[in-house]
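Below is one structure; the comments refer to it alone.
So that you can tell them apart, the chains are marked A, B, C, D and E in the order they are listed, and the count of residues begins at 1 in each.
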Amino acid sequence: MIPYLTKALGNLFRAPATEKFPKGETPKAAPSYRGRIIYHPESCINCGLCMRVCAPQCMERTIEPLPNGDQKITLTFDLTSCTFCSMCADFCSRHSIELSDDYMIVGTKPEDFLVSGTFIKKAPPPKLTPEQIAELKAKAEAAKAAKAAAEKADG
Amino acid sequence: MIFTNYLVCFVLIALGIYCMVTKKNLFKICVGMGLVDYGVNLLIVSVGFHAGGTAPIFNISELTRDSFFVDPIPQALTLTSIVIGACTTAMTLSLIIMLYKQYGTLESDQIRRLRG
Amino acid sequence: MTTLLWTIFHVLVFPGLLFCVVVGLLLAGLDRKLVARMQNRVGPPLLQPWYDFLKCCGKETIIPRHARRGLFLAAPVLGFAALITAALFIPVFSYSVYSTSADLVVILYLLTVVGVSMIVGAAASGSPFAGVGLSREMVAMISYELPFVLVMLAVGRMAGVGTPLGVTFSLQAIVDWQAANGNLLFHWSMIPAALAMLFVIPCEIGMHPFDIAEAETEICEGTLAEYSGPPAGLFRLTHCVKMYVMCALFCVLFLGGISTGYAALDALVMVVLSVVLTFVTMSVPHAVCARFKVEQVFKFYWTVVAGLALISLILVWLGL
Amino acid sequence: MTFDFSNFINNFPILAIMSLFLGAFVSSLVGRRSAKVRNTVVFLSMLISLVLILALIKPVLLEGKIINYWLGNWEPVNGWAFGNSLEVDALSLFFALIVVVAVFVSGVYSFFYMSHDDSLVNYYTLFLMLSGSVLGLVLSGDLFNMFVMIEIMTFTAVALTAFRNHYEGALEGAFKYLVVGSLGSTSVLIGIALIYSQMHTLNLAQIAAMLPGYDSPVILIAFAFLFVGFGSKAFLFPFHPLAADAHAVAPASISLMISGVLTKCGVYGIIRLCYCLYQNMDQTFVQYFVTGIGVISMFVCVTMAFNQHNFKRLLAFHSISQVGYVITVIGLGSALGMSAGLFHAMNHTIFKGLLFLTAGAVQHATGSLDLDELGGLSKKMPGTCALFLIGAASISGLPPFNGFASKWMIYQATFQKAGETGNFFFVVVCVAALITSVLTLASFIKVAQSVFFGQLNLKFANTKEVSLGMRIPMWILAALCILPGLFPDKVQQWLLTPATQAAMNAPGYIDAAMGSGYAASFAIPAYQPQQIFLSGAWQPVMWLLLLISVTLAVCIVALLGGDEKATVTSEISADTDCDPKYDSFFSGEASVYSQVGGSDLFWGFKHNWRRYFSFMHDWHSGVVNDYTLYGTAAIAVALVLCVIFL
Amino acid sequence: MFQRMIDKSMAKSPWIFHINAGSCNGCDIELVSVLTPRYDAERLGFRLTGTPRQADIVVVSGPVTSQTKDRLVRTLAQVPEPRVVVSLGSCPRSGNVFKGSYCVDGPLEKYTHVDVSVGGCTPKPEAIMAALAKASEILAEKRKEMRQA
C-alpha cells in the first residue's frame, strides 16, 4: 500500500507518460512493423503465388483484355480482410509486394481499405499462318540460295 | 393450610409448564395447558380465602360489620377463568384435530413448516 | 417579498443549485484529473464532467419494456432535489441559511433519500444487473451508515455538552461551538471520528475503491444499467454534487470554526477545503486501491471505521 | 326536557364497545340469510363505534376531560371501588382511535378481500368480537376486565388466524399462537391474582393509588408476570416467532388487526403498568429493562426479516421490530420518549396496516406470497405498487412520510435521555435505533425489488389490479401515512401531547375515578405537566425547499433534454414485444425471466453475519415446545431480575 | 444555446461500449491499451461504459460468429441515438481468416451500418485512437443532423 501511495504521489510531480498522439505528428511504427500493403505493379509478373499463399484470400485479380491483345491486370488487396502476415511479400519473387510501416488504416468507406495496382501485360506476338510460314520458309530458302550463289561466285 | 394451597398451585403450574415444554405430543401439550389453568384457578381462589369465613351469600340487609366471609370477587374471577380455560381447551383440541388431518401426525417437532 | 426573493436566491444560486453544481462538477473534474496524473496520465480536461453531463442531455432516453415509466424517470429528479435540499442545510461556515435545531438528522435522511432514489430507479428499470447493483448499493449504505451515525453522535455530544439537552444536532450550534472553542479536528478525542468521517465520504459517494454498486466491468454499471440520456446525466450530476456536499459536511463538522465573516470568502475557503478533501479521500484511494469486494466493504466499515468512530464517541462521553 | 349532551357523552365508550359486540351477535344471527344484510350490520356497527370514538376527541383529547363510566352505577364507596368501570383518559382514547380506525379500514377491506371465502358469517362475527375486545381492553378501567378482553382477543385472533385453514401452515400458526399466547394470558392472570391478593381491588385507579406506597415482594413478582404477559401480547422478544407465524398465514385483514391493533394492546398494557399502576418508570432498572427488551426486539426482528422468503412473514418481523421502537422509547420514562412512542405506535398501525393490505392485494391477485417467485408486478398493479412504496417509505422513515416524523422524535428522545443522564447505554440505544432504520429500509428494498420491480414472472402475466373496494381502504391508510408526516406539529399538539400528559399523569387518572384528593391521600405527588422538549420538527420551510428543488430538477431536465424532439421516445414501440431496443440489457441475451430473487439480495451483508443468521435460523425452530420454553424463560428471567433489582 | 453546448460536448465526451463478436481477443487487448497511461484516451473524453444504454460509440471486434449474432444485434439495438458503430480490426468487415467458416455469420455490415472501420490484425492503438476521434466527429455531426431533422 505504502509503495503504491508514494509512487502515486510522486507521479503528480512527474511529467505524464502519455504520448501527444492525436495532436502533432504520428509516431513511427516499430522497425519490422507490417502495415499497409504497398504493391508495385510495374514489377509484377502476375505469377499468382501471392494469391495462393494468402490465408484470408484478400486479393482479387481482375484481368481485362484490351483490344490490341494486351491484358490489363488489376490486383486489389482488401486490407479489411488482410491479416498482415506478410506471406505474399515473402513469396513474391519480384518483390512487387511490400508491407510498409503505415499502420493508420482508418476509413469510413470500403474504398479506403483497398490497395490496388494495374499493369498491362503485353500480348505475346501473334501466331503465323501456314502461308506466312511458307512464305518465310521461301524467303529463308531464297536467302540461303542467294548466299550459296554468292559463295559460289566468290569461290 | 393456605400454604398447602399455594404449594399445590405452584406444583400444578410447574408441572403444566414442564408438560408444555418437554412433551412432543400435541394432546399432552393441551393437558399441560389445562394443568397451568387449574393451578392459576386454585391460586385465585386461595387469594380470596379467609380461614373460617362463610360463603358470601347475603341480602344487603344482612350485611353487618361483623359478618366474616370469604372474598367473593376471586370466586367470580375463578368462574370466568374456568370458562376461559374450557374455551382454550376446546379451541386447542379442535385445532389439534385439524392439524392431524392436515399433517398426519401429532408430534410437535414434525409440525414446523413455519420456521426460520 | 424580499424573503421570498432571498429564498429563491438561496435555492437557485448560493448555497443552492448553481454553487453546488459548479463546485461539484469542478471537484469531479479535478478528481479525474488528479487520478489521471497519479496514474501517470494526462487525464481529461477539467471541464470533462460538464461535457459528460451535457452530452447525456443530448441523447435519447430509452425506457425499457420492463421498466416502470413514472418511477424510472422520477427517481433521478427526486434524488437530485433531495441532494440540493440537503446542501441548503449545510452552512457555509458562518453563512447558514436554513439551520434548524436538528439539521444533522435531516441531512442524514436526505442523503439516504438520494441513495434510495437511485435504488428505486434501479429497481424500476427492471434489469437484473440493476437488481444486483441496488442490493450492493444497499449493502454499501448499511456499511457507511453505522460509522456515520456514530460520528454524528460524537460531534453532537461534543458540541452540545453545555446545552440543556446535553446534545445538539444543529450544524449552526456546532459551528458556533467550534468558533468559540476551536475546531473539532484539533481536539484529540475527535481525531478518530474525523478519520472515520474521511472514510465515510468516499463510500457515501460511491467513489472508486468502494464503487461496488456501479462496478462497470462486473455488473454493467449496476444501478445505472438501464439509464440513458438525461436521467443518466442527472444521476451523474447528483454523483458530482454529492462530492461537494459530503466535503462541505466534513468541513462544517470538523473545521467549522474557521469562518472569516465574509460569505464570499467563506465560500472560497470551503471550495479550497473541498478540493483538498477530494484529493485526500477520493483521488488518492482511487489511484492506489483496487476495488473492494462487497463483503469486504461491509466488514471494513463495521469494524475499522465504526471502531474509530466508537472510540471517539466513548472518549467524548467520558468528557475527554 | 333538555338533553344534556356533556353527560350523555359518558355513555359513548360503552356504546362503542357494545356496538361492536352487538354487531357480532346480530351478524351471526341474520348473516346466514343474506350477505348484504350481514355486511350492512358489520359496516354499521363499525361505523357507529368509529363515530362514537371520534365524538370523544373534543372533550377528552382537547379539553382534557376524563370519562368515567361505572357499569351498573356501582360508584366507589368510601374510597373503595366495587364496580367495573370504563375509564377513558386521553391515552385510552388515543389507542381507541387507533383501534377503531384500523378496525374500520380492515373491515371495509375484508368485504372485498374475503369475498371468495366461505363461512364468512363466522369470520365477521369473530372479527367484530376481536375489535370489540380490543376496544374494551384499551377503554377499560379495571384489571380483570382487561384480562377477559385479552382472552377474547387471543381466542378470536387464533380463530381468525386459522380461518383459511386450507392454507399451508394456517393451523400450525394458530396452534402455536394459542399455546404460547395462553402462556402469556396465564401470566397476566397470575399477576392480577397476586395484585388482588395484596390490594383487594381490581380497579386500575385504586390500585394505582395504593401500589406505589406498598412494599411487598409479591407486588414485584406481579410486575414481572404482568409485564411478560402484556409483552407477549405485544409479541416482544422472545414471543416474536408467534407473530411471524400468525401473520404469515392469517388473511391480510387479520394480519392488519394483529400487527396494528393487538400489539398496540400490549403496548397500552405496558404503558398503564409502568406509568400508571406502578409508577416506577423513574427507576433506572425499569428503564433499562423496558428499553433493553425494546432494543432486542427491534434489532433481532429486523435481522430476521432478512432471512424471509414470505412477504407477510417478513412484514410480521418488521411489525415486531417497530413495536420494539415503541417499547424502547416508552422505556425512557421521559415525556418526549412517551410522545415519540405514542406517535410511532400510531404510525406503525397505519403504515404496517397499509403494507399488510398491499400484501393481501398481491396475494389476492396472484395467489402467491413467495418473494423468490413474484416479480415485476408494478406493471400489472400500479396502484398497489404506489401504495406499497408509500408504506415502505413510511416504515423506513424517509422524510416526507409519517415514519420519519416519529423516528426523528425517537432518536431525539433517546439521545436527549443519553445527554441528560450521561449514560452510555442510551447512546447505544440511539445507534441501534438508527441502524435498525437502515436495515428496515434495506429489507423493504428487497421486497420492492422482488415483488413489484424487476421482471414479470410469466406465471403472473394475467394478473389484474385489485378492485377499487380494496384500494380505497389502502388509500385511506396512505393518506394517513402522509398527513402526519406533513403536519407533525399538529399531531403533536392535538393527539400526542394530551395522550402523553395523560399517560404520565397517574394522580389525575386516580382522582378522576376515585374523587379528587384520593391520590394525595396516598401520598402520590400531584402531577406537574412535563414540558416536551422537541428540538425542532420537520418544518414547512423544508417543504418549501424540497418542493423548489424538485421543480428545479424537473426544469433542468426539461430545459436540457426535454425539448429535444428527436430524442423523445416513441411510445408505441415501447409496448411492442418484438423490438429489442426496449428489452432489458442482459448482456445481449434474449429477455427471459431473469429476476434477482429476494433471497439473493444483500449477500455482502448476510455473508459477514452468516453465523448469526444460521444461529437465528436454528433458534426459530418452529417447534411449539421451544417457543413455550422461550416464553417460560422470559417469565423466569423477568422474575429474577425484578426480585433482585426492584 | 444549450443545444449548441450539447452539440459541442457531444464530440468531447464519447463513451465507448465494446462488443466482442467472437474476436480472438487481440483487438480487445489493444482497445484496452488505448486507455493505458501511454495512450490515455480519457484525455479526449473517452470512457468505457458497462452498458450500451449509455454508450455513444459501439466498438465491435470479431467476425460475428453465429453464437454472438443475436446478442450483437440485440445489444446494438439497445444503444440510444445518436450512435456510431466502429468496427475494430479486419474481422468484423470481412471475416478475415475465418471467412467462409460454417460458424461465421459476418460481416458486420449485414446487421448495421458501420461508420468507421479500423484495419489491421490487430490495429495499433494509435490507429484505434484515430478511429475513435473520427467516430466522435461523426457523432457530433449525427447529433446536428438529428437536431435539424
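Note that contacts are C-beta pairs under 8 Å (C-beta built on N, C-alpha and C of every residue); 3 or more make two chains touch, one makes a residue touch a chain.
Just so you know, these numbers come straight off a predicted model, no measurement behind them.
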Where subunit A and subunit B overlap in contact partners, by chain label: none
Number of steps on the shortest touching-chain route linking subunit B and subunit D: 1
Partner chains that subunit A and subunit E have in common: C
From subunit B, the most remote chain by mean C-alpha position: A
Winner on C-beta contact pairs when D-E is weighed against C-E: C-E
Geometric centre distance via CA averages, subunit E-subunit B, whole Å: 81
Subunit A-subunit C separation of Cα centroids, rounded to whole Å: 64
Distance from the mean Cα position of subunit D to that of subunit C, given in whole angstrom: 35
Separation of mean Cα positions, subunit C and subunit B [Å, integer]: 61
In subunit B, residues with contacts to at least two other chains: none
Residue numbers of subunit E (touch at least two other chains): 2-3, 6, 37, 40, 43-44, 51, 53, 78, 80-81
Residues of subunit C engaged with two or more neighbouring chains: 36, 39-43, 54, 56-62, 129, 220, 225-226, 229
Full enumeration of touching chain pairs: A-C, A-E, B-D, C-D, C-E, D-E
Touching residues (chain side subunit E, partner subunit C) in the complex: 2-3, 5-10, 12-15, 37, 40, 42-45, 47-51, 53-54, 56, 78, 80-82, 143
Complex interface listing, subunit E residues touching subunit D: 2-3, 6, 19, 51-53, 68, 70-75, 77-78, 80-81, 146-147, 149
Subunit D - residues contacting subunit C, complex: 376, 378-379, 382, 385, 389, 393, 396-399, 404, 408, 411-412, 415-416, 418-420, 422, 424, 427, 430-431, 434-435, 438-439, 441-442, 445-446, 448-449, 452-456, 533, 535-536, 538-539, 541-542, 544-546, 548-550, 552-554, 556-557, 560-562, 564, 566-567, 569, 574-575, 577, 581-587, 591, 594-596, 600-605, 607-608
Touching residues (chain side subunit C, partner subunit E) in the complex: 32, 36, 39-45, 48, 50-52, 54-62, 129, 215-221, 224-229, 232
Subunit D residues touching subunit E - in the complex, by the definition given at the top: 559-560, 564, 566-567, 579-581, 583, 585, 587-590
